[in-house]
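In what comes next, chain A is part of two complexes: it sits with chain B in the first one and with chain C in the second one.
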Partner chain A sequence: MAETQFIVTNPAGLHARPAALFVRTAAGFQSSIRVRNLSRDVGREADAKSILSVMTLGIEQGHEISIKAEGPDEAAAVDALHALIDAGFNESDAVSTR
Partner chain B sequence: MAERRCQGVGAAPGIAIGRVFRYTAMAAVPDPELIKEEAVEPEVARLRAAIEIARARMMSARVAAARSGGDEADIFDAHLLMLDDPALIGESERRIREDHLPAANAVAAAAAGVRQLFDQIEDAYLRERAADVTEVATQVMRALRGDTPPSAARTLPPDTVIVAEELFASDVALLDTGRVVALVTVRGSRTSHVAIMARAVGLPVVSGVADIVALAQDGEVVTVDGERGEVVLSPDPRTLETVQEQLAAERQAQARRTQLRDVPAVTDDGTRVALLANIGAPGEVEAALNQGAEGIGLFRTEFLFLERDELPGEIEQFRTYQEIAKGMGERPVVIRTLDVGGDKPVPGVSVADEMNPFLGVRGLRLSLRHPEIFRTQLRAILRAATEGDIWVMFPMVTTIEDVRAARVVLGSLVAELRAKGIPHRADIPVGIMIEVPAAAMNADRLIEEVDFFSIGTNDLAQYVLAVDRTNELLASNYSPLDVSMLRLIERTVSAAVAVGKPVAVCGELAGDPEAIPLLIGLGLRELSMAATSIPRAKEIIRGLRARDEAQKARARIA
Partner chain C sequence: MAVALVIVSHSQQLADGVREIAAQMAGDRVVIRAVGGAADGSLGTNAEAIARAITDADQGDGVLILMDLGSAVLSTETALEMLELNDSPKIRLSNAPLVEGAVVAAIEASVGHTLAEVADAALDAKDMTKLIK
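Coming up: the complex of A and B.
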């Protein structure tokens, strides 16, 4: 089993568009992947391949989350999802119009 | 029928006169009648078939939304994922199998369960995403009942005004705007996906009209004012006449502006002003030409870098720039290099946590710190510039050293391309955005280093006034026409005019009817704006006398 815990710095948290990207990335792995929002509701575990479960974790900027994967590609899955969140999800709504 | 006036919220502007078509699909889910054990599997199969119908509709909506541009297509990506979601669909199947609920009730119950989870979220934006769950569930329930989306109503006559409890983004994406002239809904807001998409296609929308579905009769004449949020059912002859006059005036104004397309923007006393378009993607070139743009005054290259997992390569950028240059022919195309920063991250470009991203590593500052990204983009621009008339522009320049550092990179690339024998334009015009107060103050020195200026009034105002223009609490403090701004603009224009180099404004002020006379008065002869603002700007300029405006402007800044 591979697991990582870190703090989300993406200003918009994990709303619809980033959540879609997160879930699509997760779906690319065979491992079963679970996400928890340690800052809000430690007990609830969400399936990383379910957009609604991920969205309803209510992940906001500054929240600490945990990603846990179990399966043949568990380490790669955890790394990829961590990197995705670190990269800030390519937020287009933050583009200034000048 | 007597005249009835209803007040709602203007969600998308425009005036329309048409006949009511009430779209009443999915008014309510009937109370469940539990199904028998042997009917369970067929009911699950029915649910799955309905999901596939909903999926097909969402995919065509996605295609339609992508065609009309904008970010709305992304919404459907999230919706399509929800159609496969165990929390919604898996739960619906469980409720059919274990609770023996009919499919429609199972979906409604599963959606209600998910919405409850959303309700507990503290963040308002995320909480409101519950609306997306409702939309997806409704699409499945419509398919289950055999209801077609409003766009599929083959009987829709011309001049139809759709009246509904609620409409969804996918409904609007697929509407035939040749037949549907307006939308009126009970639920919805100015910021809903529906309103945004309707504005993009020029369809008037009034939302928040209580009881309108019950009040209106099918086929009844109705007038819709998407600006004031007014809906009048069976208008009296006098009311109808007034609205008809407004509609005619609106159409006339539109036609007059279209006629203006091919006439130049010249003031009454003979001063010629060039009107250019700001664009964000190659797909906007055609619209820019249709509105009469004499060039692209600002091509924002950010779209190439955002919403993707990897950085765009040189070839991809080269093709994009060349496509725009080809589309514009002989007309100039100003390409602005990547303008992102800590406030708008790009994958692979990490910026340390900044306390103050607007005062941080943005624009040229970021490009100079990421030479690989900067060099790739400049190489693509230099190579594409063999086509048409491409200019290059750097954003967020503060000092002369900034300009010189950028020019060193550009010079080394020209040398490299020449050595390798790759076709490029060595004498490409090089300009900078004037959007930092320091740059405006030093405009007379900076102009010695570059070929042109373009004033970015949005950021300049933000920095000069020390007001975040997205901060609603400070909305009244954001005054981009403050004397301080006018003085800096005048200073910048004078510096460029003194040495005979072009200077433009490419911020929102350039297309602002109130600002245009002042900008002309301050000596600007090039304005770059959203393509749709060009006809109105032309109309304004043709009614001005440059000499009078110069006098007024001088008085304002004296």
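Coming up: the complex of A and C.
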């Protein structure tokens, strides 16, 4: 299992277009990927490949989140999602895996 | 390719607006057609225009149709009868709320999910909460 925890600095948090990009990136990996919002409801876990699931976490700027992946490409998945958020969600084909 | 979407509204402007939002979420991976208004441009729905939009959207991977209110559903059903697609497994009508359903469907379609998966996700948007406490 691969896991990372970090603060979301993106001004829009993880809503709308950034959330869509996040889900699309996650869906490109085989591993199962779970996300939690440690600043809001630690007990609630979302499926990173489902937009509805991710949106229920209410992730805003300044929130600390955890991304956990389990599967053949778990390390790459966690790295890619972390990098995507750190980069501020610049929409480009470079971050899209499909 | 991906599942395509057709947005049916009583207003062309509303249909176009929903398409604009959904398309921004999906990028250019998903075909989304917006159709609205009666034949004379007033508020209403028009089965012939809906039929054209469905034909135009259909790229082979299935089409999910989202409608705003009441008679939009009747006109869409008439359109499918005109196209002899009313029993087609590759066309689904969605009971989802228009904006939430279209956004969720566009994203799910852009991921490459099947018509059944996209339709289920759109329907789940009914229970989506906007006010997260």
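Definition applied: the second predicted complex is superposed on the first by the 90 of 98 C-alpha atoms of A that agree within 3 Å, B and C clash if a C-alpha of one lies under 4 Å from a C-alpha of the other, contacts with A are read in each partner's own complex, and residues count from 1 in each chain.
To be clear about the criterion, a residue touches a chain if its C-beta (ideal position, glycine included) is under 8 Å from a C-beta of that chain, and two chains touch if they have at least 3 such contacts.
Quick caveat: nothing in here was measured; it's all calculated off a predicted structure.
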Chain A residues touched - chain C or chain B, whichever exceeds: B
Partner chain in contact with A:S50 - chain B first, chain C second, else both or neither: both
Which of chain B and chain C A:G62 touches, first, second, both or neither: neither
Chain B versus chain C as contact partner of A:V23, first or second or both or neither: both
Partner chain(s) touched by A:P72 [first = chain B, second = chain C, both, neither]: neither
Partner chain in contact with A:T9 - chain B first, chain C second, else both or neither: first
Residues on chain A lying within both footprints (that of chain B and that of chain C): 16-17, 20, 23-24, 49-52, 55-56, 58, 91, 96, 98
Chain C-facing residues of chain A, complex: 16-17, 20, 23-24, 27, 40, 49-52, 55-58, 91, 96, 98
Of chain B, residues touching chain A in the complex: 71, 74-75, 77-78, 81-82, 85-88, 114, 117-118, 120-123, 125-126, 129, 132-133, 298, 300, 302-303, 306-309, 339-340, 343-348, 350, 353, 395, 433, 435, 456, 458-459, 506-508
Complex contacts: residues of chain A adjacent to chain B: 9, 12-17, 19-20, 23-24, 47, 49-53, 55-56, 58, 60, 86-88, 90-98
Interface residues, chain C side, partner chain A - complex: 24-27, 29, 103-104, 106-108, 110-112, 121, 124-125, 128-129, 132
